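Before anything else, here is the set of structures, which you'll find just below.
Each of the two complexes below includes chain A, the first together with chain B, the second together with chain C.
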Partner chain A sequence: MQQKLWAVLFGGVLAAAAGLFVVAPFIEGWWLPKNLCSFGPEVDHLFYLILAFTGFFYLLTEGIMVYAMWKYVARPGEKSAYTHGSHKLEMLWTVVPALILLFIAFAQVSAWSDIKYQSRMPAPDQVFELTARQFEWRFRYPTAEQNALMLKGWEKGKETDEAAAWQREPHADDIHLVNEVHTWKGPDKDHPTRVRFYLKSRDVIHSFFLPNMRIKQDALPGKVIPVWFDSGFADGNCHYDEKANTWVVDPDKVSQSELACAELCGWGHYKMRGIVYVHENKADYEKWLAHASAEEHRTKP
Partner chain B sequence: MMAGLTKKTAVRAGAAFPLVLLGLLTLPGCGDSYPKDLNYPPRTDPIVIELPKVQPTYLDAPGQLAHWIDSIPEKGGRLIDPTAGVEKVQLAKVEEHLSKSRFDLSDEEVHELGLASKPEKDSAQEALEARRDSLKKRIETITATMKGVAPKLSAVLKDRFGTPAAPKVGVDDADAFGLDTTTLAEGSKLYRRHCLHCHGLTGDGRGPTGPWVNPHPRDYRQGQFKFTSTTMSAGGFTSGSRKARREDLLRTLKQGIEGTSMPSFALLDEQNELRPLISYVIHLSMRGQVELSVLNDILGREGDPDADVEELADKKLKAIWNAGWKPSFSAAHAIEVGTVPSYTGKTLGQLSPDEKVQLDESIKRGFQQFTTGTASCRSCHNDFGRANDYRYDEWGTISRPANLTAGLYRGGRRPLDLYYRIHSGINGAGMTAFSGALRPEDIWDIVNFLEAMPYKNMLPPDVKAQVYGKGKD
Partner chain C sequence: MSSADHAHIATTHEHHELGFLRKYIFSEDHKIIGIQFMFSGIIMFFLGGLLALGVRTQLGWPHAEIPLLGQWLWPGNAGHRMPPEFYNMLFSMHASVMIFLVIIPLLTGAFGNFTIPLMIGAKDMAFPKLNMMSYWFMWPAFATLLASFFVDGGAAAAGWTSYPTLADVEFAAPNSGWGQRLWLIGLISIGVSSMAGSVNYITTIINMRAPGMTLFRMPMTIWAMFITAILQAMALPVLTVALILQLLDKTIGTCFFLPNWAPGQGGVSIGNYQTPPGGGQPLLWQHLFWFYSHPAVYIMILPAMGMVSDIIATFARKPIFGYRPMVYSLAGIAGLGFIVWGHHMFQSGMDPRLGTGFMIATIMIALPSAVKVFNWLGTLWGSNIHYTTPMLNALAFVSMFVIGGLSGIFMAATPVDIAIHDTYFIVGHLHYVLFMSSIFGIFAAIYYWFPKMFGRMMNDTWGKVHFVLTFLFSNGVFFPMHITGSRLHPRRYFDPTQYRFLDEVQGLNTFMSICAICLGLVQLIFLVNFAYSLFRGPKGGLNPWHSNTLEWTAPSPPPHGNFETPPVVYRGPYEYGSPESDKDYLPQTEPPRPGAAPATHAH
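Here is the complex of A and B:
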């Protein structure tokens, strides 16, 4: 009967949508971006957990709907059956999702606290300040000496007075850059380079988003927000280019290191992009830092 | 209505859907280059030839840039309008005064009506009638002139500068300076994607976003650039020769302009994207300035409506190229910085104790220059820039002497950039060139003072007290 074609149409589209999820992990660029941060697996785990729940209920509810559209299709002359609903059923499909939500709420607490709670932030290896403005990211890096000074005596969950003071009062030796995050690969996976930076905004709400580090934090005007991430699973992705006299990101690793703005901030929101340079090791990073500092203090053409 | 999905309908819907999707691809905006048949539109906005004498006290409201420029004559400035729009508005006002017999004019109205001076009450009517007649004549002249000139001007501009999709620069040695047609065509595509919405199709700074941001995007058509590193003399659009070097434009693209809406384009590839963009901007500036100069000559006070447009345009183009851009590119005109003191351009950690003392002395000297010395920077940068007023810049928009305690520099924060600014000034924005009045050592002293000023603890105590203390003079 032609009426059943609706069920076919719906069923087809819904099945295709489900099919995309099955196929996506195997197609380059369709699934989660490569994770480079050590708390990334926690975040991804939550994603899969929620996907499992929603996927199950999707298949269940849509399957029932398509089945009903097929089996109970209107026939000429047939009268509808009336029902006052089922109290038991309504209770069931309210309480069960509520319990699942509660479960998710508790399951995610540890991931959230590990990433966001200041009291849980580990002592960093690198500190800098990032000010978001329309439509770029303005970085302020300390010199290597200043960085070391700020890290001395840093206890987990706190910040040193030196760091707080540096955040409040910029130093003349600070290095200013636009749209470039620089960090370095730790010596091994157990010692990733931990970055803890201060996020500010100069005008409207922006959002610092590193897809490959699974970190996202809104930048609020008027607030200074500490954010941390590390490069635990990262490979070095940049090298010094003699000809350009600067560091360049390896072409095949550019997409593994992007910074994007994740809060609509105006007409240029889409172009508020940055690149994360993961230097091979600390020495290379410090070499770059000295190079950038020299450029900032340039006195000859 | 939804009851019967017939097989016929389903097949039709199924076939139509992908065709609709494909059809969306034909919408404008897809594809990189400008449409081949698009021409640069002729200039219709007025040319600012004289700025008001009175300083502005407020910024132009968002979106009101055109209105702001149009109101310059009311404030005592002068415009040349190729569409005679300004004159027509004045004429309407004069006729209103005449028809309502309003002869008691305020100073503001005198400006609005374009009268040279305030007339006596009993000769006001005569003055207004004379003004009306002269305006009518002027409107007639402009309209008649433009009728003859406009098509010729468009033709010669198209011949020398091409179209947006196929731009070129009609000088013999264009290719040697990166202004060949291939580079320009590439630059035009990139400009369309990245720059057009602010800087406009002709580089007039009046793209859709332009009037809504303040400071407004640069209008390249005056051939004036603010952050340059050449020694050429500045001047206005008729006599100025100082242009930006490619390095200057590259610096602007890479770092953006902090404190304005110009973002950083450092993520674009330098060789394949930034270089063509720079060439295209130079092309737009040259084209705009040729158009501007020709219109200024023909419609100006001593304008000649019968001038040979093509000859005039070529003359202007030669002058702009040979006396402006080409020398600006040459290393011979690059600013030289003299001997850089050893204590300048180092981080605090790199200074030896002796150098630290020398730096303090230099900062003190720079402070002297700033406040009471030849440079007398304080005369514009009131309270070290914290108490500045608005000024008109040569584009008719607003600028302000910078707040030098903020550590925010639009032209770059390197000591070298500050040296360039002090040495050759900021063209179009009123910052004087001090290369004649100051020796290189003096400029370096001021640079050291400026570099230290945002960081209170870098200043020697007595200087710090005067800049930041309560009892500052």
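Here is the complex of A and C:
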């Protein structure tokens, strides 16, 4: 009887582990951050799909194991069942998992290509350039007019020559900012503001990571990597603060508006924090843009 | 070793008694070399553990003064706090030590060396001198990696993956100067060591099996060591080349991994420093590195799988379920292991279309792993489980490997990986494979073969105390990482409290750190048990576990040359509970009863 306690120990620990996954989604701040991007639900659904399959096989295999540990404690004088295996069982537990794994694998393909394939990237509403360096994110925004110029004739998967040229050669009236992503809320859910940016690195490898947008992309020195996301489920999160003469993010929205670095880049890796500003609409964004431009070029707005 | 055993060696074997230096230090005996690997591995295990505790201390209490050590190490720092570059060094060296100086040397160096000749019935390895060299090439690595803590800037701090340009450019980090160079030199030396070992293992297993020891009568341990050695021999040269290229970048000014800032322009600028224009590729390093280091992940688990299979069959008193599928799945993991390295690079800027291919291969590698788990469960079903310390550790291996295997599928799925790449989810996953599986496998193997290695038994009660506490605390450290990982807590962060979205999981970080400190402390139980049993443990006799494999027919400890009479093998290694025998085991060397049908099992 005492020997059966081993099954209890294993069962207890394994059940506690499973239990943690059951309660965590209900505890504030212990689960996936609130999703704000229109491709986020696809990513999250695939996460839950894998969680469902792995959860099932976890309970199945660990359950069988704990049961066997409980049931087959050594009985003195007895021999164990003498068998070297079963061809049928081997076939069963090879073919069934193989089919499930293939299903899981192919279920991923479309989401991945939609998010990352350059040929699938939708025509954007906003373009900027982002250059990472130790230990900050340097943004270069085009003026509203330049932005419009670059978007004209942009088809899915095919950037315009204007945009490619702007990416190579900075314009004198570009707006340069550090650690601030600015975008705006689309007119409705079907028309989110699609952001397309050119990701570069000046020194070492960094990784652009917006937890709430489910987007992550390494920045490679020597390469220009196109990245896109949108803020389809985000509400406006910032307003103009007269006293500070700048835009500030609402305090209760800060925790869902953070930009992080996800690739070790040196001692200040943990400090490469940025903030995503989602303006109420395009007009608000352009108001901010004009303000930022005036600040940068030291003329009165 | 008692003096009686010395006398025994001298009388039964023709070769003369060796001096202490030749016998224990510059030994050509595979068992002594294995034990040397084991001792240095255990010492490094405690060093690697201390580094991990430094990491956990910072993560658990990011703003606290480090007691005692803080005043001594950083007298100038406000509040004697740990500097961030020191933290980076801690986790980089923790991983480097654990992977290259603990797990690989313990699994292949210690147990590969000890078990291969004994379990196939050979007198020694095919190339004893090469074997000695393989151990002694570990020492330059010990020297350089330990010395690197004391050089200007400190030891390597660019992660154990040492991605350029951070690791490649001296000015990118204080630790990317001599610390990184010594790291590279150390790893090259370990590569030579592993290469010498793997060539030896392959040759020995192919050429030196005892009469009757057909390939499909080999114990799973030997199959695992064989397949691991092939993996190592084929993948390691690539890492060695990559290490040499990075070392050239860092010494004579080549630009293998240093890109131009833009086509036709100069190199990258780091701070005020400009690298020379060269047109190299930082991604090239990642491809070369992972071409070895992904197979290395299997090098760090396959031998444990093999040993655990033998230990489970022994203490379940039942033949291993599906011996051939077990062998094929090992080979399947190893084969697929060569075409999955790109899954470390899904978000790296590699062409995402490659990611799709690597994803499918990676998800399919779960299949042979699943087959192994099902067969272990099949072995337990209808068995007679004896809960000894090695068996408990082996069972922990199986149950924890299930978690590590399943959690891997999340990262293998490219879209999900976008979210959880480089978060605590992967840290949890990799520790379930490398700590909770490999280390439990290593503990199982140490408790299991200790009586053969030293002729004495380890204390079973204290072994169980050590097991229970390790099992509880290690789950306490590593399981909550899946939760902080689901919160998308980035890894390698000196101070997670910088981010609002991580506010709520900081409590979990503290909890994990407390468990980690307890986990570190309970390893002292193992250390004391090990050291005490070495000298005072009760004698184990020839075959304390009533096991079938050949090593248990040799004296404990076996003399130089191993067997008094060369063994002859009549059957496979898993005839437990066979009706052919009155006992519940039937050693491989026991001749069949007259008239009994020879045991053939063609599954």
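As a working rule, the second predicted complex is superposed on the first by the 271 of 301 C-alpha atoms of A that agree within 3 Å, B and C clash if a C-alpha of one lies under 4 Å from a C-alpha of the other, contacts with A are read in each partner's own complex, and residues count from 1 in each chain.
Keep in mind that, in the parts below, a contact is a pair of C-beta atoms (placed from the backbone, for glycine too) under 8 Å apart; a residue touches a chain by one contact, two chains touch by 3 or more.
Worth saying up front: this structure is predicted, and the values here are computed from it rather than measured.
Visitor: Touching A:9, do we find chain B (first), chain C (second), both, or neither?
Guide: both
Visitor: Thinking of the overlay built on chain A, is A:273 touched by chain B (first), by chain C (second), by both, or by neither?
Guide: A:273 contacts both chain B and chain C.
Visitor: Who does A:134 touch here: chain B (first), chain C (second), both, or neither?
Guide: Both: A:134 reaches chain B and chain C.
Visitor: Under the stated touch criterion, which partner chain does A:93 make contact with: chain B (first), chain C (second), both, or neither?
Guide: second
Visitor: Looking at chain A, which partner touches more of its residues: chain C or chain B?
Guide: Counted on chain A, the partner with more touching residues turns out to be C.
Visitor: State whether A:256 touches chain B only (first), chain C only (second), both chains, or neither.
Guide: After superposition on chain A, A:256 lies in contact with chain C alone.
Visitor: Does chain B (first) or chain C (second) touch A:295, or do both, or does neither?
Guide: After superposing on A, A:295 lies in contact with chain B but is clear of chain C.
Visitor: So in the superposed three-chain picture, is A:171 touching just chain B, just chain C, both, or none of them (first/second/both/neither)?
Guide: first
Visitor: Taking the stated contact definition, name every residue in chain A that is touched by chain B in one complex and by chain C in the other, in rising order.
Guide: In chain A, positions 3, 6, 9, 74, 134, 267-268, 271, 273 sit in both the chain B and chain C interfaces.
Visitor: For a test of understanding, state which residues of chain A touch chain C in their complex under the given definition.
Guide: 3, 6, 9-10, 13-14, 16-17, 20-21, 24, 27-33, 42-43, 46-47, 50-51, 53-54, 57-58, 61-62, 64-65, 68-69, 72-75, 78-87, 89-90, 93-94, 97-98, 101-102, 104-106, 108-109, 111-113, 115-118, 134, 168, 201-205, 207, 209, 211-212, 214-223, 225, 254-256, 258, 260-271, 273
Visitor: What part of chain C is in contact with chain A in the complex they form?
Guide: 83-85, 88, 157-159, 163-166, 169, 172-174, 259-262, 268-271, 281-283, 316-325, 347-349, 352-353, 355-356, 359-360, 363-364, 366-367, 370-371, 373-375, 377-378, 380-387, 392, 395-396, 398-399, 402-403, 406-407, 409-410, 413-416, 418-423, 468, 471-472, 475, 479-480, 482-483, 486-488, 490, 492-496, 498-501, 503-505, 508, 574, 576-579, 584, 601, 603
Visitor: Taking the complex as given, what residues does chain B use to touch chain A?
Guide: So the residues of chain B in touch with chain A come to 3-7, 10, 194, 197, 209, 229, 254-256, 258, 261, 263-264, 266-267, 270, 334-335, 337, 340, 344-349, 407, 413-416, 419, 451-452, 454-458.
Visitor: What residues on chain A touch chain B, complex-wise?
Guide: Listed in rising order, the residues of chain A that touch chain B are 2-3, 5-6, 9, 74, 134-136, 138, 143, 145, 169-173, 176, 178-180, 244, 267-268, 271-275, 293, 295-301.
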